[in-house]
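In the two complexes below, subunit A is the common chain; its partner is subunit B in one and subunit C in the other.
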Partner chain A sequence: MAERYPGYDVLAKRHTPSWNEQTRRVIDARLALPREPRFLSEDEFRTLVAIAARVVPQPADRPPIPVAALVDHKLEKNHGDGYRHAALPPLREAWRRGLGAIDQEAREAHKQPFHRLDAPTQDAVLKAAQEGRLAGAAWQGMPSALFFSHRLLRDIVLAYYSHPTSWNEIGFGGPASPRGYVRMGFNRRDPWEAAEAREDDEAAARQENKRVR
Partner chain B sequence: MRSATLPRERVVGVTPTGGAALGGLALIGFAALLLARRSAVAKTARPLARVVPKLPEPTRAARPLPEPRPQPPGLPAAVRVGRRLNQASGVLAVAVLLDSAVEHYRGSFENKAMISPLVSSALSIAASLHGVADRRVAAHRARDTVYAVAGLSGFVGTGFHLYNIGKRPGGFSWLNLFYAAPIGAPMALTLSGMLGFLAERVRDNDPSEAPLVLGFPAGRAVAALAAGGILGTVGEVGLLHFRGSFQNPAMFLPVTVPPAAAVLLGCCAARRDGAPRLLTRWWLRATALLGIVGVGFHAFGVARAMGGWRNWSQNLLNGPPLPAPPSFTGLSLAGLAALRLMEEHADG
Partner chain C sequence: MSDDPLLVPRARHGRAPDVFRPGGWVPMQQYREDEEVDFAIVGTGAGGGTLACRLAEAGFSVVAVASKKKWRPLEDFASDETEQTKLYWTDERIVDGANPLQLGSNNSGKSVGGSTVHFAMVSLRFRPEWFKARSKLGYGADWPIDWQEMWHYYDEVEQALKISGPVRYPWGPKRPRYPYRPHEVNAAGLVLAKGAEAMGIEWAPTPLATVSAPRDLSPPCVYRGFCTSGCSTNAKQSVLITWLPRALAAGAEIRDLAMVGRVAVNDAGRAIGVEYHREGRWRFQRARNVVVAGYAIETPRLLLNSATPRYPDGLANSSGLVGKNLMVQANQAVWGVMDDEIRSYKGPPSLAITEHWNYEDRGKDFFGGYAYMSQGPLPTLWANTEASGRGLWGQALMTEMEKYNHQVGLKIVGEMIPQERNRVTLADEKDQYGLPISRVTYSWCDNDRRLIAHSLRFMGQALEAAGARDIWRQEDDTCHMNGTARMGDDPRRSVVNADCRSWDIRNLWICDGSVFPTVGGVNPSLTIQAIACRTADRIRTLAARGEL
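This part shows the complex of A and B:
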């Protein structure tokens, strides 16, 4: 697939007016995240890595976004959303219980831990969770459908799109502060935003994206 | 992400210049009526005299007319005042050039026509410089053409700006009046053109006689235009400073000082004697100064935005417009020139 924002690299703006000390600190910390779990157990983390690979599969031609590590970081800091579905336990408890339950369901149905299953079988387990068909003892009454949509899907996608690599993919300019938007109308672009390639003219966008600052 | 940053982005922005459309036209119309009556009294044979009833003038007849100032040696008054009007037109054109350049760059020159005020105001500046340097009596055809084009493109620009406001979701809502193309800005170009045009008409007089423009005493005509222009500009400033919540008390200055100047100037244009000319002169000077001080305040506004002047490429576009306030300076200079004309010619 042709790149949609060819030549755009959000990290190239590091020393431009678009970033300040605070921006650099936050992004550096996010990029320097350790790849090992600090909150989840090894088993839980392996399950999470396998689930993330099915929810947000990544291309092989670039360093992958450490989705599981980002989720683990959120759990370690216990960064809740400030709200939750009343039928779900708090953030940490929901993840612990959900990961354990999905792995348990895999072991019961397929005689293997979740991360050892092949992709279609993993998808089948996740689909069953999404449709609320999993209700083993390991769930301890937590509805699997709610866990899937309110916790698993949400946190994994948020983690994926919190990473600069994904910003390059979708042409996101990165934090608006301290720069701010000037051109607010529809289909208008500030000089620090990515230029989208038109089908017939990729070179123009590539040229524009070199100047993004 | 966008909507989260939206309010800050839009606190400040576009050009408080010109908005003379209604105020200006109404005032010019009013002044024209007055002038018509006056010249009817003087000559009695004017066709307009039949339209406008003769009013009794009890107090005016009783008081003696002030002595006309002695003519300073050198250039005839028409040329001196004409050059000052060229200058006033030029100052206004500089404000228009810088302001439209910044704002239309911000608008990415999305419509090709957005280049036209830059061209027209640049030509006006050239014409005004030429006029200031020119000590000859007669009007100049090239200058006249440039000024006429400026006057027209301001009107056309107003049309484009109205179209821009109207096509946005919500149409002519307060939101769009605040954030779409500024409705009054193009009229500043028209005012610049009209001042320049009047400059040429003032020069185009027999030096020994009181200058007339289009049959009206020149001083009064220029005063009426300047007063109307100031009031229109005040309308635009009021709209945009209201958008900025008058967060700095100094933001009240350009909606209080210039209107008083416009009223005083209007009085001087309407009355031959007893007009507070000295007060008007100093008030106009204060208004001219305010136009320059305003640039300083706007520079302070840019510094207050996140990143301040270090983030200038952002904050110059997003902050209060630096070139806008000198519009008041240009119009005040025109008012001062008009006062001079009225003083040098009893019915000037």
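This part shows the complex of A and C:
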């Protein structure tokens, strides 16, 4: 699929007045995150990598966002949401149990670990979890639909859209302090915002996006 | 990392962080723990922070104890949603009931300054009749306060925060001109305007607590749009940068990173101080009066956790109402896609509002009202809305997310009806201090459902009339929480009186959104601050009469 914001790179603004020092520090640390798990086991992490690839599929022609590593980082830091549904265990326990249960469901139904299944079969397993149709012993009573919506989907989506590469895809301006924005009305773009490609003229947007600073 | 505000208290050794200067300090009065201060205040948000300021300025000795961190926005706040979740209350709470709440980012702060550090700055007055909802409108409960008195305190708070608002406000009785001019309305707000005009109702630029022109050390808002992740320029007039600097200058002490576990009472039934955890151990601050201002979950939790043999059901609870009548505000939305570029991430998230359905009762099949506002979700919030609201994932999610810059939304702040079954209780599970955590139980009633249905229907028509397509409904979201320690005229049916004073323990006060008998259809922060100003004046009057 053609890019909507061709050539736009929010990181090109790193040294402009849209980024301050504390923001550079925070984003640099996120980009430098290790790709190996520090909380999950190798098996759990492999399952998570495979799940993330289906929940937030990524194009092959750019460096991937390390979604699973970002989720593992959240688990290592034990960053909860500030609340949890009464039917769910705490953050870490929910993830451990949920990943194990999804893998177990795959093995029982398809004789393969989840990460070895083909994409349509993986999607079918995830769909069954979303719809609450999985209730094997490995879930230990945790409702699969709640795990899917409150933990799996939420944490994966939050991880993906915390990464600058995802901001490029959707044309988000990214960090904006102290400069902020000026043009507020319909179809008004500041020179440091992403230019959207028109169907008939992708090159013009690409040219504009080179100048986004 | 010796100055990491997440780990080490900053307000000590006779100084507190200067919120206006990187690395800066301001002098701070400090009280000994064995010194009986006039007021120990638990919490520094819209209730506690405002009250601390006004009591200190009235000459009382005040220690405000906050479980939270004291930030310097200019150096501590990144332009990043994920990093800034550090502002939210992330200690565990359990939610259940037929409609379990969504807590955390949208309604619970963990900063000195409370939720106002990450609120969307929407600063609205109650409709006058809401203060007598039971007798004038037939639902909920009456407030023991007259609206005209509240109008006076709204004036004070709007001036204290230099609210930026429209020259003419279309709804309600005459009010003074807003101190600062309105902000420019962004495209997302103009969509609300188009829809409102098509539906034949009025709209207005939203009155906001972020300055539209310079004010002392606050520059005008630069429309960076990260308001709910904390303002890194200090344009936002939060409690952290308004009431609290005044409080410090007037001699109040703010004790940060100090978690209060218990309000202590003696055998005579008087509060004697607070037990709190700071720098690795439990401590005790003596006080002549204790004010609980932890908001609608932490306030009842603390009162319940402070139970003694004399008060086995918790403090201030002879009515049995502590923790009950929790009211959230409905936060449903309609979302759609415009052909125009909207780029709603620019500017404060809610620059346009209509309060039409707060003031118009004809054509309603429900009690109460709602306002609705334009929206400007940043990427993680928006993605989570798409995922949780529509269950989208995979390519379907990625395709929707690509339309980000064309998205528009209208979202309500809707009144819910007080019900005793909606409540905060203590769970068996304990937190890191060994204190039982809260269980928050919530179920909508039929009236809540009718209000939500009305709003979704109306906003859907308005959004369509404004030119949006692919409209969908976000059916479940929660904002602001109130109730759980309601004020009233009758000790059997309320926890505190109009002065926020406990009926049972006369030197125990509750000053935050917990005291609301009803919530109305507007964001509560302005009303909480107005109540705090009124409480301070009442305390001064009572003290002068020897009635404290």
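In the analysis below, the second predicted complex is superposed on the first by the 211 of 213 C-alpha atoms of A that agree within 3 Å, B and C clash if a C-alpha of one lies under 4 Å from a C-alpha of the other, contacts with A are read in each partner's own complex, and residues count from 1 in each chain.
Please note the rule applied: contacts are C-beta pairs under 8 Å (C-beta built on N, C-alpha and C of every residue); 3 or more make two chains touch, one makes a residue touch a chain.
Keep in mind that what you see is a predicted model, and the values were worked out from it rather than measured.
> Could you tell me whether subunit B and subunit C fit or clash when both sit on subunit A in the superposition?
clash
> Check whether A:Ala176 is in contact with subunit B, with subunit C, with both or with neither, and answer first, second, both or neither.
So A:Ala176 meets both subunit B and subunit C here.
> Between subunit B (first) and subunit C (second), which does A:Met184 come into contact with in this model arrangement: first, second, both, or neither?
both
> Between subunit B (first) and subunit C (second), which, if any, makes contact with A:Ser166: first, second, both or neither?
In the superposition, A:Ser166 touches subunit C alone.
> Is A:Arg4 touching anything from subunit B or subunit C once the two structures are fitted on A? First, second, both or neither.
second
> On subunit A, which partner's contacts cover more residues, subunit B's or subunit C's?
Touching more residues of subunit A than the other partner does is C.
> Which segment, 205-213, 313-321, 475-483 or 493-501, is the subunit C region that clashes with subunit B in the superposed model?
The stretch that clashes with subunit B is 205-213.
> State which residues of subunit A lie in both footprints, the one left by subunit B and the one left by subunit C.
Touching subunit B in the first complex and subunit C in the second, residues 20, 172, 176-184, 188 of subunit A appear in both lists.
> Residues of subunit C touching subunit A in their complex?
Answer in residue numbers: 75-83, 85, 88-96, 100-105, 108, 184-187, 190, 221-226, 232-233, 340-343, 345-347, 378-380, 382-384, 387-388, 391, 393-395, 397-398, 401-402, 404-405, 439-440.
> Please output the residues of subunit A touching subunit C within their complex, sorted ascending.
Residues 4, 18-20, 22-23, 25-27, 30, 54-57, 79-87, 90, 123, 126, 130, 149, 153-154, 157-158, 160-162, 166-167, 169-189, 193-194, 196 of subunit A touch subunit C in their complex.
> Any idea which subunit A residues touch subunit B in the complex?
Listed in rising order, the residues of subunit A that touch subunit B are 17, 20, 172, 176-184, 188, 191.
> With touch defined as at the start, can you tell me which subunit B residues reach subunit A in the complex?
1-2, 4-6, 8-10, 106-108, 179, 306-307, 310-311, 313-314, 317-318
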